[in-house]
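Chain IDs A, B, C, D, E and F follow the sequence of writing; residue 1 opens each chain.
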Amino acid sequence: MPIVRVEMWPGRTQSQKAELARVITEAVVTIAHTTPEATIVIFEDVAKENWAVGGVLASQSD
Amino acid sequence: MPIVRVEMWPGRTQSQKAELARVITEAVVTIAHTTPEATIVIFEDVAKENWAVGGVLASQSD
Amino acid sequence: MPIVRVEMWPGRTQSQKAELARVITEAVVTIAHTTPEATIVIFEDVAKENWAVGGVLASQSD
Amino acid sequence: MPIVRVEMWPGRTQSQKAELARVITEAVVTIAHTTPEATIVIFEDVAKENWAVGGVLASQSD
Amino acid sequence: MPIVRVEMWPGRTQSQKAELARVITEAVVTIAHTTPEATIVIFEDVAKENWAVGGVLASQSD
Amino acid sequence: MPIVRVEMWPGRTQSQKAELARVITEAVVTIAHTTPEATIVIFEDVAKENWAVGGVLASQSD
């Protein structure tokens, strides 16, 4: 039943996401005592143009 | 005032989304006693590359 | 696989939520061609103290 | 620590988003007493094809 | 049409939230050219027990 | 910069959440090459009364 949502800047490869999904699911199953089949992991790529810290877009603070 | 958010894999047509928006709004208005004008439905297409179940990306489990 | 999220002010009964979950799931299954088992509906009660329209909290505009 | 998320139809320029991020962060820092470095603002462009009000997609109600 | 969501630790007063809603709505209307009536601001209080930075819950890092 | 959000039914202890936050942050840092300080993990407890699968609230399907 857990739903895990990971928001990151773009640039992770499919294999990084696959590895993250595997490890996070394993952690949730082991620590929170759920089943893998009931665990959903969703990735959302958020462009640096759409992400600000300290009032400045990350695309402008590089 | 209700906000309904529907996350699905890509592939639904505009006419499927239009029909879903119509039926969900009708359900919310009728059952939860709101007004149509105050009911927002938002669709988010989530690629299979970004959606894992059981620790495996849906793009790899087809 | 669809995840539907419904944000509303508090005050709906369990039976209204049950009915909404049933009808929305049916709509998603029928129109978007998914399976019921893969369809999740989540309700979030948002207090009027935490919901503003037109710059005014709903708790203050009654 | 605050995370602010702004969902809008596409069409705002980078400079509008930069200005919004600046002003919203300033408001959060001043009014809610946080620090700028701990304040994140995320923009999400939602296409009119994915946004319905009154049961009608915004792309069809223009 | 914009929906703004503000996640913060608990502790802001109703009057701080009211002021934030007013100023954020004004900013969105002025900078992104929307109307006040179409602008929704939602606050979500997230307990420090549910918020981790650097792998440590904020409730344990005070 | 990653924000991870974990939605689960209530019932996890503080120590389970602390452990989850630690392990998930470690996974994100190692696999996605971010820094711990920039990684936020947020937990949201969703009551079974607010979570439906297959059109049935989890509180009614026990």
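Please note the rule applied: a residue touches a chain if its C-beta (ideal position, glycine included) is under 8 Å from a C-beta of that chain, and two chains touch if they have at least 3 such contacts.
Owing to the predicted nature of the structure, the values given are computational and were not obtained by experimental measurement.
Path length between chain A and chain F in the chain contact graph, taken as the least number of steps between touching chains: 1. Where touching is counted per the definition, the chains common to chain B and chain F are A, C, D, E. The two sequence copies chain D and chain E touch through a face in which the numbers common to both exceed half of the numbers used overall. Two chain pairs are in question, A-C and C-E; the one with more C-beta pairs in contact is C-E.
For this pair, chain E with chain F, the centres built from the Cα atoms lie 20 Å apart.
The distance from the centre of chain B to the centre of chain E, each centre being the mean of the chain's C-alpha atoms, comes to 24 Å.
Within chain C, the positions touching two or more other chains are listed as 3, 7, 24, 40, 51, 53.
Pairwise chain contacts in this structure: A-B, A-C, A-D, A-F, B-C, B-D, B-E, C-E, C-F, D-E, D-F, E-F. Residues of chain C touching chain E in their complex: 7, 46, 49-57, 59-60.
Of all the residues in chain A, the ones that touch chain C in their complex are 3, 40.
Note for the complex: chain E touches chain C at residues 14, 17-18, 21-22, 24-26, 36-37, 39-45.
Interface residues of chain D facing chain E in the complex, by the touch rule stated above, are 1-9, 12, 16, 19-20, 23-24, 27-28, 31-32, 34, 51, 53, 58.
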